[in-house]
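Let me begin by presenting the structure, written as structure tokens, before commenting on it.
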Amino acid sequence: MGKGAFLGATSIFALMCALYASTGMAQELSPAQAGDLEGVIDSGDNAWILASSALVLIMTPGLALFYGGMAGTKNMVNTMWMSFIVICTVSIQWVLWGYSLSFAEGNWFIGGFEWVALQGVGQEATGTIPHLTFMIFQCMFAIITLALVSGAVVERMKFSAWLLLIPLWTTAVYAPICHWVWGPGGWLGGIGALDFAGGTVVHITSGASALILCLFLGARKGYPKSVHPPHNIPFTMLGAALLWVGWFGFNAGSELAADGIAASAFVVTNTATACAGFTWSVLDWAHSGRPTLVGACSGAVAGLVAITPASGFVGPMGSIAIGVGAGLVCYYGSVYMKKALGYDDALDVVGIHALGGSWGAFATGIFAQLSVNPGGADGAIYGNPYQLIPQSIGIAASWAWACGITAILALIIKYTVGLKASAADETAGMDISQHKEIAYSHET
Amino acid sequence: MKKVEAIIRVGKLNAVKAALEEIKHPGLTVTNVRGHGVQKGITETWRGKSIKIDLLDKVKIEIVSPDKDVSKIIAAIVEEGKTGNVGDGKIFVSTVDEVVRIRTGEKGEKAVS
Amino acid sequence: MGKGAFLGATSIFALMCALYASTGMAQELSPAQAGDLEGVIDSGDNAWILASSALVLIMTPGLALFYGGMAGTKNMVNTMWMSFIVICTVSIQWVLWGYSLSFAEGNWFIGGFEWVALQGVGQEATGTIPHLTFMIFQCMFAIITLALVSGAVVERMKFSAWLLLIPLWTTAVYAPICHWVWGPGGWLGGIGALDFAGGTVVHITSGASALILCLFLGARKGYPKSVHPPHNIPFTMLGAALLWVGWFGFNAGSELAADGIAASAFVVTNTATACAGFTWSVLDWAHSGRPTLVGACSGAVAGLVAITPASGFVGPMGSIAIGVGAGLVCYYGSVYMKKALGYDDALDVVGIHALGGSWGAFATGIFAQLSVNPGGADGAIYGNPYQLIPQSIGIAASWAWACGITAILALIIKYTVGLKASAADETAGMDISQHKEIAYSHET
Amino acid sequence: MGKGAFLGATSIFALMCALYASTGMAQELSPAQAGDLEGVIDSGDNAWILASSALVLIMTPGLALFYGGMAGTKNMVNTMWMSFIVICTVSIQWVLWGYSLSFAEGNWFIGGFEWVALQGVGQEATGTIPHLTFMIFQCMFAIITLALVSGAVVERMKFSAWLLLIPLWTTAVYAPICHWVWGPGGWLGGIGALDFAGGTVVHITSGASALILCLFLGARKGYPKSVHPPHNIPFTMLGAALLWVGWFGFNAGSELAADGIAASAFVVTNTATACAGFTWSVLDWAHSGRPTLVGACSGAVAGLVAITPASGFVGPMGSIAIGVGAGLVCYYGSVYMKKALGYDDALDVVGIHALGGSWGAFATGIFAQLSVNPGGADGAIYGNPYQLIPQSIGIAASWAWACGITAILALIIKYTVGLKASAADETAGMDISQHKEIAYSHET
Amino acid sequence: MKKVEAIIRVGKLNAVKAALEEIKHPGLTVTNVRGHGVQKGITETWRGKSIKIDLLDKVKIEIVSPDKDVSKIIAAIVEEGKTGNVGDGKIFVSTVDEVVRIRTGEKGEKAVS
Amino acid sequence: MKKVEAIIRVGKLNAVKAALEEIKHPGLTVTNVRGHGVQKGITETWRGKSIKIDLLDKVKIEIVSPDKDVSKIIAAIVEEGKTGNVGDGKIFVSTVDEVVRIRTGEKGEKAVS
């Protein structure tokens, strides 16, 4: 059956990548990015990264509303809960071991145990901000990444299964890929793959894992005939707005300083987002006869996703190209590809995050400019087509690892607590069946 | 005693209500309903997918009144509820055996006034 | 007919102002305010302006909720959409040419093309922040200004007409007035008109344009008998709260530094807002027998509007006077003046923004204190009644230009795509007729 | 009757505490904390505290949604209004006299009148931020504190009574306790009671006052049989999220600088909150068979409350203990203690704020570490059990003063405008009876 | 077989429901309605403008039952639904020709129990 | 003329609607109701307190049709509305004295088609 084969293939690919990396790239380890504990704290930089951390935290409840508004009324609480429980759980996991595995000195593949339980992670400067500031900023990234996955599996995944997935996934999928890209000695960073704020680490991992979970879960009852319109568009709009504004912290905060590159990242984030939102609206108008607000919000999120890896490396004109591209790629991915392939990705996490993240990571290799960020590289249109190689390796490796490991985790959960709610629970609604709660009780 | 039940357009509620007030109807009860008949539905769009909504919002008015007032009431509803386009709705008349006013326990015609 | 006459009069007045300005003031051009590209970046200032930019962005979705909550259920999506599409569109327009026309070196009337497509707008310091930071901060102002206009025209203006209006208006109305007040060499700045954060540029332009659009559109069906209560007061409250908090970025950010004047602007913003919200509540209580929450929110917005031009120039006691005045002016403007004049300004953009902005710009000339801001001036009660002259000229010129040009744009749109939705579309609701969307689908 | 006795006892206790303090502690006055007007402004610190002030302001509308979502539909507007009017009123009270009474030089008990109407409160540096920045940051604390109280009295307290309570309570309860702990020469600060961000000042005062008001008001009609589920869980979740993110400003901002301690406070705030949210969910699952989202949100708020006094003094592991403890204490307080004692605390202000604040203030004495903050102290597990003494005194004194004075104010209000709405008004709903407003009008 | 239809106050639903449970009624269906009769409406305020809401929220209870239980049911509703103030509502009784239980296809009295 | 009133499960609305379309029913009106019968309610939890919700969401369908079609309509509803578990709902049939189409003023059988 296709599922098994797919799983096998991706696992093998992941293994190959890992082997290749361990032989071919181990000697090229970049100097530790997060680990150099020197320098003094700059209050302006620290102010910006603390504010950015708050901004990134608000993204996850924003996501809860963005997703929840599109879910059905009887699944609203559960949909929001899936995001909210990630905040509560990953915040603890990250402090206890997640941060250490991701960012402590280790090998090319994974971090060490030095910073377990934040031992040795204190107020001293890392670059120009306290080490704790860097730690908590990264914590918010780990939170939102898994929360993104939930959009694909809402309306049918058991809450206990989701709860079990959280620490497993964050440990086995997120931490390694995060270390590869941003950790000291990580191999993807080592080969020069550029990912400013998480196109691979955040969006490909979440989107690819979402795809695997969709395949293991199967579709909702009656899909695709039973597809319903969003139950509350204002919540979806508000959620998209909170994502947009929080994303300034996500991207511009990833500079870890309040400098010119942060300003540039802020500008291209806004520009690409606007372009993608606008593009999706135009496509909606063309294909459905009317521009929809949910479409514009979806497009905006697609733009945010795509500009993420590029945000510290490209200029405004590059960001327009990336944004328009994101609108195109994610629109057709969410509308046509999903239909063609037939999986039930409830809220289009694959179409928007996996595809948008891949496009963004690739496009970084096209539009990056050394003149924007001397710590980056020139991209293809600035005469360096070779940058597309590490970018492509980064994309492929993230897909492979996320798919392979998520498949294993899904199997484990399937045969322990079970993945999918019973048909009766699904029909009654996940809110009452999983939580004994009802989103709206207007009779009271 | 009769019950006059009318399914009308949402936007016509105020006009019909006013017309009934003019003929001094005794009271009425309104329910939000959705309906479907000759009139076709509307189409919503979500992420490129068309979703047909074949039940349209309507309003149901229920008026219980003495038999003699029924024709006046029907006339008022038709007069004010009509646009001439499909979807204007229907009126159903049925028989009520007994009426009680909860506040007083009064029964019959006195109870509806 | 009155409309034509009005249009004629305002156009002539605009012309006169322009002529007067070109002869009388051209020689008094102030040194470039935004354009001096020197100095070094201060990370604290940059952190504050980046954070402020994020805060100002959140105002527009906040406005979408503030307006949307007061609109009817069947017009909720369209009302929010009008704000959201402004974000997507103006973000692009601003980067491509809007910023250059507003802030590049040009003449007394309009900026040049030097910074088109952000050529030459980079990470170098403007004052103590990167030029890009200043650019994106100003972008958020251009966005919210046009979004404010939408409140007057909701529930009946065609979406295509609105979409067409966006780039035209931002180019022909916003850019010139912005240049007059804040651009290098702008004539209103040159004659010493004080406008710290946009009483004229933002609120008079939006409010005056809203009035013109109301007149061209005509009233909603059944107005004023059909006026309905807000469909969702929680959204209106949330929107007002997001406006309030975002406005701290708007006003205190306009100092372009995290210094004492920014702190002062923050304080007077909060104080005036509270006073105006309280005043409106008292008036509600007196006139309607009960204090309403929507009234308090409306009052708060009125206070935010009125303190905007004054925020960097007045002290706390001045801000109390401005706030109380805003409550009075805008309450009577929204309730009585609208009724008396009979135009259908659905959500009181004229009453709150045009009147509140005019009051604030005038009151700046009364309560400004050199001791608060040495870069400002003393106002009438500090012995300098002459400050009221440039303030009044600023008010009159903004009204005139906004009215005149908006009238021309409205005519253009009316005879191309058409301004007003058909009666059937209005009755069905703008959500389903313009967007094939329904805000709430609780049956699903 | 019990109420009278309780009142008497608390008053006497308050008096005793005051006397004891005035004799025993007056000589140990700490140097003025807020009042030293020297140094230069650091733009980074100022940026952070201005941003924090904005974050703390958003907490109050967040609270309005958190509470409103749990209230009944017919009381939604009134519930939000109670928070919103506090913003409008306390902002004015604070500027006029509240700040001076709290923070100006005075005696061990209360501040002086030096800074009435902000005379002498200007842009000059206090520490490294403008004095005005400190003033407005503290203003936001005064606002949220009283707003917290409203959760206990919603659905039955007259709006006029609440309006009258605002200035009285903020002046007679908040200002003294604030001065005791944070004001120059305040006696609780003097004896070394640690309260970083307001466990006593904010949460015990609000929770204890809520208890007294509950007792004076009596229960809602039909209580406890009539207890209804939340009318809108999404608003409650959104409110909790805004509280969480705003609380970063609350706690990490209380350092008044963007330094390492701010980073540490940020980290422990997030950790304790996540732990408490998780703990409450587990208890829900164990006791009710399902984890509820409202439970997780309640737990998160409990965690935020408990970490508040400790946030600048404890490390991450201490914060886990405090968070788990908060989940336990507040869950049993809200569910079992309330039932056992029988008072009608509608939204569990006593269970969460009074108990959570007390636990947090006590736990600060257990888990504080000098190595985290040299300006703090070591707690019991770091070899200094004596720290529990000033902590306990602080807890007791805050309870006593808040209970005693609130009882007096409640009596005053009861015999002037009256405390409780008529049964008919309560049945009709507070929205229509107090405000002539209806939260949702979907028919329009 | 009869259908008893009662329009009552929203706040009385629980009491009436309890009373019906006591007399072991077979089942009931509840609808949110809005109504208008002797009782006047309420006035909302928005930006200084008074907006009259002349339809007040009510609840409609429908109970289908054998003829013999009708008087008991009416008595229970009047007893528990009454406040004595205008707006308490009305009870309408009408005839039902046939009842079917969907689950089993049973007809007649067996179907309503 | 008869009115067929069916209380069915929310999740069965689409299936029943489709079945009625197949037998070419003339139109229908749908109301959201809550109900209570043999089927027990559900329990919500709020802060450790269990709150019993004994009225479950149901949907009411009303179809007015000529007498001859009634048995077909009932059969279609039973067929598609049945799950076999308690809570499937009931069908009530009653007599309608008169029908009027508002749009045209037509009366009787012509009005319902």
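Think of it as A, B, C, D, E and F in the order they're written, each chain with its own count starting at 1.
To be clear about the criterion, a residue touches a chain if its C-beta (ideal position, glycine included) is under 8 Å from a C-beta of that chain, and two chains touch if they have at least 3 such contacts.
In this text the structure is predicted, and so the values were computed from the model without any measurement.
Participant: Count the smallest number of chain-to-chain hops linking subunit A with subunit F, moving only between touching chains.
Facilitator: The least step count works out to 1.
Participant: Looking at where subunit A touches subunit D, is over half of the residue numbers used by both copies, so same, or under half, so different?
Facilitator: Both copies touch with mostly different residues.
Participant: In whole angstrom, how far does the Cα centroid of subunit E sit from the Cα centroid of subunit F?
Facilitator: 18
Participant: Please tell me the distance, in whole Å, between the geometric centres of subunit A and subunit C computed from their C-alpha atoms.
Facilitator: Between these chains, centre-to-centre, one finds 36 Å.
Participant: Using the touch rule from the top of the page, what residues of subunit C touch 2 or more other chains?
Facilitator: 42-45, 47-48, 51, 228-230, 232, 238, 288-290, 292, 294, 435-438, 440-441, 443
Participant: In subunit F, what residues contact two or more other chains?
Facilitator: Those would be 31-32, 34, 44-46, 53, 94-95.
Participant: Across the complex, what residues on subunit E touch subunit F?
Facilitator: Listed in rising order, the residues are 3, 17, 26-32, 64, 94-103, 105, 111-112.
Participant: Spell out the residues on subunit C that touch subunit D in their complex, using ranges where they run on.
Facilitator: Contacts found on subunit C: 42-45, 47-48, 51, 55, 72-73, 128, 228-234, 237-238, 241-242, 244-245, 248-249, 252, 257-264, 266-267, 270-271, 273-275, 277-278, 281, 288-294, 296-297, 300, 315-317, 320, 440.
Participant: Report the residues of subunit E in contact with subunit B in the complex, numbered from low to high.
Facilitator: Within the complex, subunit E touches subunit B at residues 2, 6-8, 31-38, 54-55, 58, 60, 74, 77-78, 81-95.
Participant: Within their complex, state which residues of subunit C touch subunit A.
Facilitator: Residues 41-48, 50-51, 53-54, 57-58, 60-61, 64-65, 68, 76-77, 80-81, 84-85, 87-89, 91-92, 95, 117-118, 122-124, 129-130, 132-133, 135-136, 139, 159, 232, 235, 238, 434-444.
Participant: Note which residues of subunit D are touching subunit E in the complex, please.
Facilitator: 427, 432, 435-438, 441
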